[in-house]
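Here is the structure we will look at.
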Amino acid sequence: MKDSKCIEELKKEFDAYAEMYSPEGLDREEQIRMYSIMWLMRKFEEAVKPLWMANKVHGYYHPYITEEAIATAIITQLKKEDYVGSTHRGHGHLIAKGGNINKMMAELFGKEEGYNKGRGGSMHISDMSIGMLGASGIVGAAVAPAVGSALKSWIKGTDDVTVVFFGDGGANAGSVSESMNMAAAWKLPVIFVCENNQWAIATDYARITGEPDLYKRGIGFGIPSCRCDGYNIYQIWETAKAAIERARAGEGPTFIECKTMRMLGHHATDDSWYRDMSVCDKYWEIEPIKRMGEFMVENKIATPAELEAIEAEAMKKVEASIEYADTQCHEPSPDTFYDYIYADGEVIK
Amino acid sequence: MSIITLRESITQALREEMALDENVFIMGCDVGLRGNPFGITKGLMNEYGEKRVIDTPISEAAFTGLGVGAAIAGMRPLVEILYADWITLPMDNIVNTAAKTCYMFGGQANVPIVIRAPFGVGGGVAAQHSQNNENWFVHVPGLKVITPSTPYDMKGMLKSAIRDNGPVICFEHKRNYSMKGEVPDGEYLVPIGKAAIRKTGTDCTIVAYSYMTYVAEAAAIELEKEGISCEVIDLRSLLPLDYDTVMESIKKTSRVVVVTEAPLRGSIAGEIVGEIIDRGFDLLDAPPQRLGSKNSPVAYNEGLEAMCTPKKEDIIAAVRKTFE
Amino acid sequence: MKDSKCIEELKKEFDAYAEMYSPEGLDREEQIRMYSIMWLMRKFEEAVKPLWMANKVHGYYHPYITEEAIATAIITQLKKEDYVGSTHRGHGHLIAKGGNINKMMAELFGKEEGYNKGRGGSMHISDMSIGMLGASGIVGAAVAPAVGSALKSWIKGTDDVTVVFFGDGGANAGSVSESMNMAAAWKLPVIFVCENNQWAIATDYARITGEPDLYKRGIGFGIPSCRCDGYNIYQIWETAKAAIERARAGEGPTFIECKTMRMLGHHATDDSWYRDMSVCDKYWEIEPIKRMGEFMVENKIATPAELEAIEAEAMKKVEASIEYADTQCHEPSPDTFYDYIYADGEVIK
Amino acid sequence: MSIITLRESITQALREEMALDENVFIMGCDVGLRGNPFGITKGLMNEYGEKRVIDTPISEAAFTGLGVGAAIAGMRPLVEILYADWITLPMDNIVNTAAKTCYMFGGQANVPIVIRAPFGVGGGVAAQHSQNNENWFVHVPGLKVITPSTPYDMKGMLKSAIRDNGPVICFEHKRNYSMKGEVPDGEYLVPIGKAAIRKTGTDCTIVAYSYMTYVAEAAAIELEKEGISCEVIDLRSLLPLDYDTVMESIKKTSRVVVVTEAPLRGSIAGEIVGEIIDRGFDLLDAPPQRLGSKNSPVAYNEGLEAMCTPKKEDIIAAVRKTFE
């Protein structure tokens, strides 16, 4: 399909499509940093699937591919003390918060050196040292706990902010609605980010929702709410900036729906047989890394060579993480079976 | 007769009951278009339409609640909770509405709902996809709880559950889905509340259910070689539980080992041992043995995961212990 | 306080206040019927408190006093096969659906002849023979099951409609949000009625919600939603009529917020010490029975004498129900202890 | 020393811990302005402000979830579920987040939350306000479960629970709230996991907890008159459970009756009997007895309600049975 014709078509079909421009306050260096982070996410995820096939990584693994702009645009604006609540599709969130991909890869390998000492795996990846509150295997269930960290900030009167992610699927969990209501009532410093990729495994969200604009739920609970083009890192960045400022200033929550499209299977081995994937062809033309790269070149923010170097650098880091996890890390010892069930080393058998 | 997997036996039960009774319908995440993650409901939406095989949003609390209400209004819903671990989400409407409505309403309303929940440890899917919470429901008067482990039983008991006029929770072990077995071609039912003897024996009774029945059988085969003849009972139904069969067996063997895959503490194993003592303390030649999983969340790491659940060797050791 | 001055004040303060007019299609006979039903509710509730004090009735008892217009205006428009989902404050709902107050009173007395054979009491009052799906002791928890009866109508293709009630407190239960989403997605024939009396026991709803217009939550989920003056039986009637027609025609759910004010304690012995009850003085001027009566007299729909007779008649019925429950009914026999735990007379000890 | 009610002992524990540690806060329905339905948190909102005693909407699932998350982030929340019956609503975040986070995260995070839940039968409030669901949580590795029954224990154990770095569920029997007892004036702690001997005896051990301890004591007093000397153990903590004390007692008495107010089937009574057998089958001169409520939802009618739970007479009969 031809590039430009395809994008004209897409603009009609993808109601969230927004033209790109470079927002105020976003300098070149930061753009390069964001671009690099997106590549690190992409390369990481691309590497996991073959590792899963090779049985090095097991369990459920949900790639963040083509949603990189969302986590990157939002989370890179946070400080270390700010919190991020994640989903089952959490690798990208962790990377954006500044997590260590070696430890993440080791965790996926189930190794003792992994973030979760091999106990958690992909679905529970977390790094408490940087406020990454952890992914969750129960869709929607991590939202209320994440809002709990905003409750902490509110009680303590700090200016820490929490960003909590959930999908179009997770948005339907009742505790998400309950959490929105409390956040609005008490003006908690939290940003609800709905990563609306329009699918929950094999369920098209249009089949199970009456109002396609998910951000309107936020309005119903009294939360300033809006929608972004999930492929447009600049627009998301600008929207998130305002939301973070509001939250930090004690003005309460914001709901940002980032509309995108799931362009791969739900997890490693899902071939999406239940849907027509050809609709995604168009979307690949605006996938966030390509799109940001093109914008930066067009606007002379970076040269193609620079961008290529960034990609290559990301690849190297990911390869190193695999090497680390595979050869330098260890299986948890059976002696440690009862560790971590209780705090402070207490063992209750 | 044909040989089918347990997975297929469920599909057959659903298909047949839907054909027989137009009040039967299915709801859950991805049960329609995708036919459930394990392929169990595949094809049914095409056969019965989107109103009888309903793809739900990720709203377990309310969609189970809708099922409960539809049952009260006279339907026969089959609600699927993708992993039993998340039965925590609709817990309230199961425990406080489904189980209690008939009673609280003085018999005015029945709640003929079936809740299907794949459970058990296996596959390296970590602590939120690996639980055995069945004893929670055994502890709730008003519910029935079944755990069929063979294709024959699954089909026949699920059909009984669908026709039961009260709420039934059916726990299906994920590791059993591919198990094969014979199933008659025609219609049949297996009643709820009767145990099955998987292997007869004279020296020790092993009481198990679901996946652990297979592990127990393997242990029994090995013990047979050493000259210890075990009787393996598959409970099939945890509530009601067929103590007649259990006690008959113990009369013969005077020894008993109770096995569950649930973390031992607070599990049904204690309940069963307590009842055995009430019903036949004097029959016992040795203290009854309980075996369950270690009291730990389930790890992602496959080595740790494997350490968690009772193994053939553990059952063998427990049986031997009854001879010490 | 003077009547008219007080109402002028109230109009400013009570944002839901709406002038009364007689809507099209509501004939005199039906108005008289509704008025009678309201009195029956009122007299019933007024009678229970002394019975509770005298220890004839026990447990929790939540009077429906001053909310009578809501149940009456809506439920009297339903046919027998239609369903009503109720709350802990359910006596009024049952009466409006055509329930038998003798059986209800017997239930409150804990007698075998009661609706629930003495097993349920006030909080679980139900009459399945008329589609009254039962009150519930767990706030918000009865909403999803009630929507389940609408699911039945949708599956079976009948034109039965379900009306489900919940308070401003119950509205915050997550499963209510989940239910609204499903009702909207599938266009279920259900009407969500939020009885917003602004208090959940001792919690002023303004303290725990960010958006005071609760009906806007319905909009967020894609449900046509609006607000009524909860003291105005005519406005509620007209609004409900349109909603019921839509539901019956397969056009999906409606959300009606009926704004009112809790003017008594939460339950029998609650003296509302935690709030200033003098704000209610004004509201007593527009309490629904008084207001409808005044309107009917003013508009020559009924004479004062007729209205008095209706009140007296209601009183007589309630007295008869007490007499019945107290002297003609029996304690459940201990032999029946295990009855009704399982269906079909099955006993599992 | 002063004599106070159990209700007041809770208030004291909360007040003291809030004063000592500014990370401690309370949330729940009506805990603030109203001071909870039983008056337990009365005054605390005035003392500590609306951010440390938080009136929540009726959103048990999410407000408990918020508490869990705040705990993960370093706070020490006290979440109140008005009636333990509704702990079904936040079940998911208790079981799958609070209990498992420390483990799933490989020790990266602690979850120092305390969940207080009034439980038990009494008052004619019917099936949704009368439950004993504690064994559900005993079955969940990662949790601790306490059931203090005297003002002294309640205050000291609740303070220990608040300082514990993991999740603790505190079940408070509604019928115990008005019980009075001595409490020291100064600060003290009662450790979690130690049982208390309420009455020493030599002939039979009665293991009970919460309200049933009082019923057991009453039974023991009556039995004493007939010359049967019972030792009454109040478990105080169900997880961990102090089997050392239980077995010490059985060594002396050789007989045991285990009493719970929960419906017997699936209750902790079986668990305890199972453990006793594992630890000291040979110590027993008679089969261990279990007593629990009848397996029924609780009725509104007061006569039926009263029939449900174990009475003094039932305990006496069970003890006598150990001498048959």
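Points worth noting:
Note that the chains take the letters A, B, C and D in the order they are written out, and that residue 1 is the start of every chain.
Note that in this section a residue touches a chain if its C-beta (ideal position, glycine included) is under 8 Å from a C-beta of that chain, and two chains touch if they have at least 3 such contacts.
Fair warning: this is a prediction, and the values are worked out from it, not measured in the lab.
With centres defined by CA atoms alone, the chain at the far end from chain C is A.
With A-D and A-B as the two chain pairs, more C-beta contacts join A-D. Centroids built from CA atoms put chain C at 41 Å from chain B. Averaging Cα coordinates per chain places chain B and chain D 30 Å apart. Chain geometry summary: the mean Cα position of chain A and that of chain B are 37 Å apart. Residues of chain C in contact with at least two other chains: 116, 118-120, 124, 136, 138, 141, 172-176, 178, 181-182, 185, 207-209, 341, 348. Residue positions of chain B with contacts to 2 or more other chains are 56-57, 59, 61-62, 85-86, 89, 92, 96, 103-104, 126-128, 141-142, 239, 295-297, 299. Chain A contributes residues 83, 85, 114-120, 124, 126-129, 133-134, 136, 138, 141-149, 151-152, 154-155, 174-176, 178-179, 181-182, 185-186, 339-344, 346, 348 to its touches with chain D in the complex. Partner chain B is touched in their complex by these residues of chain D: 61, 85-86, 88-89, 91-92, 94-96, 99-100, 103-104, 126-128, 133, 135-142, 239, 262-263, 265-275, 277-278, 281, 287-290, 295-297, 299.
On chain D, the positions that touch chain C within their shared complex are 29-30, 33-34, 37, 55-62, 85-86, 89, 123-129, 294-297, 299-304, 307. Note for the complex: chain C touches chain D at residues 58-60, 107, 110-111, 116, 118-121, 123-124, 136-141, 169-170, 172-174, 200-203, 207-209, 274, 331-332, 334, 337-338, 341, 348-349. Partner chain C is touched in their complex by these residues of chain B: 25, 51-52, 54, 56-57, 59, 61-75, 77, 92-93, 96-97, 101-112, 141-142, 144, 164-166, 239-240.
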